Amino acid sequence: MSRPLLIGAAAVLALGAAIALKSLPAQTPDSSKAASSTGSSNSALVDDLVIANRVLAHEIGVLDAYGHVSARDTSDPNRYYLSRAISAGMVTASDIIEYDLDSKPVAGERPDGYLERFIHGEIYKGRPDVMAVIHAHSPELIAFGSSSVPLRNMIHTGSFINDGVPKFDVRKFGGTADDMLIRNPALGKALAQALGGKTAIILIGHGVAVTGPTLPTAVSNAYFLNMNAKVEEQAIRLGGTVSYLEREPGAKRPENDTPAGAAANNRAWEYWKRQVITK
Amino acid sequence: MSRPLLIGAAAVLALGAAIALKSLPAQTPDSSKAASSTGSSNSALVDDLVIANRVLAHEIGVLDAYGHVSARDTSDPNRYYLSRAISAGMVTASDIIEYDLDSKPVAGERPDGYLERFIHGEIYKGRPDVMAVIHAHSPELIAFGSSSVPLRNMIHTGSFINDGVPKFDVRKFGGTADDMLIRNPALGKALAQALGGKTAIILIGHGVAVTGPTLPTAVSNAYFLNMNAKVEEQAIRLGGTVSYLEREPGAKRPENDTPAGAAANNRAWEYWKRQVITK
Amino acid sequence: MSRPLLIGAAAVLALGAAIALKSLPAQTPDSSKAASSTGSSNSALVDDLVIANRVLAHEIGVLDAYGHVSARDTSDPNRYYLSRAISAGMVTASDIIEYDLDSKPVAGERPDGYLERFIHGEIYKGRPDVMAVIHAHSPELIAFGSSSVPLRNMIHTGSFINDGVPKFDVRKFGGTADDMLIRNPALGKALAQALGGKTAIILIGHGVAVTGPTLPTAVSNAYFLNMNAKVEEQAIRLGGTVSYLEREPGAKRPENDTPAGAAANNRAWEYWKRQVITK
Amino acid sequence: MSRPLLIGAAAVLALGAAIALKSLPAQTPDSSKAASSTGSSNSALVDDLVIANRVLAHEIGVLDAYGHVSARDTSDPNRYYLSRAISAGMVTASDIIEYDLDSKPVAGERPDGYLERFIHGEIYKGRPDVMAVIHAHSPELIAFGSSSVPLRNMIHTGSFINDGVPKFDVRKFGGTADDMLIRNPALGKALAQALGGKTAIILIGHGVAVTGPTLPTAVSNAYFLNMNAKVEEQAIRLGGTVSYLEREPGAKRPENDTPAGAAANNRAWEYWKRQVITK
């Protein structure tokens, strides 16, 4: 949905200021501040991570007030970035914390971090190809998590679903039924092991973790995972037989990010990014 | 979905005026006015109640033009606050009325109050732990109210559903089928008794009443109750068998508001609050 | 959902102008212009009709780009108002045309009127109690129109459904399957006869006509008719047995607009009205 | 849903600048620039195509960040216009590329064009009556594509569905299961042949292609095709028997664009156009 143009003559002149006022990452000041607070110089990635938080919350409905997204440092594979525990829709560069892969803050104790940061750290630890992780609470995927009906590939952009989308029950690893949280490294590690080499995993009664070889592709993967679940549900309830989009027998798994797929995902990323920046 | 704040240099100077124009609660004038009109000095709570009205109407889709939300006075357990009978989405501090637990206005007759205020007063009367009550007309919960299929816990944030969500049929207590309203103290008392020690109750053919130990948690409870109903419906219509998120046998009911849950709900509250204030 | 506050200092001063710019009915100039073009002085009603168009299109999702709403003149029961054939979401006072009950424009030929205006005129002709008519294309009601499953009362605010919601098949009266339009007085009269004394009627393969004793109540009736259809659909697909909100045996039909119902509908009307005026 | 235009006195003066800022097509400069870059003078059509991109993305939810829309040159049937590969919601006149019917850019190589432009070119080649083509990824239509339940006409504005909506499986023509893309002229030609003389075709596991005799009618056709799919799904899941809106036996196919239908579609087009221009 588009957004209003509400602008005065003064505002036209003040557009730069206006964007700063929205707490979006200004290329220089904000991200350099984050960099100094995290001991890193990966300020472009921090800016993109802020954008990803906003896009997932405001543009494509993947994150509500409770989910989170992280990105691995592109210059140091043993570090990742994740905001402090505030809602994704209001994250700014100064909210980003740098973690090592044990999910310990690099710059010292941060009591304001996410309890469930181990979802991110433990996945990065075991999967060098993963550069971004999203933890969401999508209702359509929780529904599949509690149903005996498997999630299967329905859409051409959800090919990764043919690799399988495992389900993880935290109660089998010591998690409690009352909150189902990934509250320590051991539970994070168990989740990462259940994910294995796949793109996404359903947390039963809780949500999903989605990965990507780049931040834009992780965002698109989360978008398409939700869309695939909706299409499958709609197809099932039409009441006839359903044909799934299975990989040809003997076909090998395609590149994690085909050139056509990456191009399309970057196209979407540029659009969603512009939407959250200009409004 | 959130909306942008796009603002020019001149507008920055005029922000206070602008917010007043939107009738959002200015920290001092409005709430002190409300305080004087209600005989109370609990102005911070009044401000939060205005925010809750806006959040429930504009951010999370719990209240349409017809529902309402109240909060118990934190300094006097025999008093609660509820807006006069106007739509939640336009409530300001000066619309808030202070009631005693018999739902009589403290400052004298108010013919402009809600007919159904007894939902609030009678629940507060019997439940000293309840500090906020929401009465909504959520379609997904009315659907469960009229179905033989019980609402069951599907999501980790809906653990309170395992305590049971009773159904209340006002017709069995003298209510009329044509409007089903909780129009007097006796019907309110019958509803409160049916609720018992639970968090929420479905009013058959009408809606729901949701409680919380704090206002932010009551708001989150209403959000998760709707979400749980949607997830259960989606899981059922996939057509397979459904696994519910049941409490372990012998496990006792968790704290009404666990530290992790309260922290997450406060995080969401801060976000939703910012959304309704800045737009 | 709420909308942004995007306002400069100049804009605060210019708020009246801003509203005029949005083509909403200014109390004096626009409606008096409409009055002069229609030969009527019922300018308050014209203003309310403009509001109703905007509310139905922008606030409660009843009218898409194709539907329409009319109101009977409160001072002359043989006249009604309906916009020229433009989308409801952009109607202004100067677009309103005054018709007699044969759906002929009072002020002379208007080739820009709605082809289907006979839906309105013929219902007014036979129903002196009806003061407003809405013609919408609600998908959830078209679905009931083509299903053998009857629409039944599910919600306390849809009590009028217990009187019955007839279905009308224009093909049985000379309408064509390819467009199903109510394109002449005879088809409008057949529709009005099928409606009889009821509040609403489903046009098979096409949409719905909803009436009310006042314009605000007609708007609320359309809102609740859609909501009832959604609740019934949700209850059915849970897969258990469904209990309907039937009138007690021997109970007579309630007032068309009970005091409590009218008060609630006026409350919603004031809110929706403010939403379309201030944005 | 539409959005407000709230504007200050200063802003009124700056409106031209403001719209330019939003990159919407200014009648003269932008489109003439496009014309010069494409070697054409069909600037009004280019402007309308920009509007169509915005309407399909922002107003009626047909295009997400990945779909596209084209229009055939009204003065040269061997040329068509399509944006470079950017999301529809941000297309401006300077993004429009002119193609011949082999989908080669008229003004020389454009590596930034859509890989799937052959969907458009090959349909224009075989269908002189088609003046606009939309390629969308509507979930509700992908669901029908993978279900044994046929899409059938449910709504009066979807009469073209009675001509049939074929399904196309690109895998039978050398397409790969992993991306299902129409990535070359041969696949585009096979798709066009499967479409034949129909209005729309479902691409299995991928999306849909919708045509129209004018750009506004193509936009409306896409809107109604989605709506019809939703109505059919809702009718089916009510669980009774469903009556379809079939053409009378022996009735011939109506005009591709009846006067009443074209008038209604133009009405919607004027509204949607205003919505994307003023916000």
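To keep things simple, chains are lettered A, B, C and D as they appear, and every chain counts its residues starting from 1.
FYI, a contact is a pair of C-beta atoms (placed from the backbone, for glycine too) under 8 Å apart; a residue touches a chain by one contact, two chains touch by 3 or more.
Every value quoted in this text rests on a predicted model; they were computed, and no experiment measured them.
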item: Numbering shared by both copies at the chain D-chain A contact, with half separating same from different; value: different
item: Of all other chains, the one whose Cα centre sits farthest from chain C; value: A
item: Cα superposition of chain A on its sequence copy chain B - rotation in ° rounded to nearest 5; value: 90
item: Centroid spacing, where centroids are CA-atom means, of chain B and chain C in whole angstrom; value: 31
item: Geometric centre distance via CA averages, chain C-chain A, whole Å; value: 43
item: Sites on chain B at which at least two other chains make contact; value: 1, 3-8, 10-11, 237
item: List of chain D residues in touch with chain C within their complex; value: 1-12, 153-157, 159, 227, 230-231, 234-235, 237-248, 251, 254, 258, 260-261, 263-264, 267-268, 270-272, 274-275
item: Interface residues, chain D side, partner chain A - complex; value: 1, 3-8, 10-11, 13-14, 17-19, 21-22, 54, 57-59, 64-66, 85-87, 89-90, 115, 137, 139-140, 142-144, 146-149, 171, 177-181, 183, 204-206, 233, 236-237, 276, 278-279
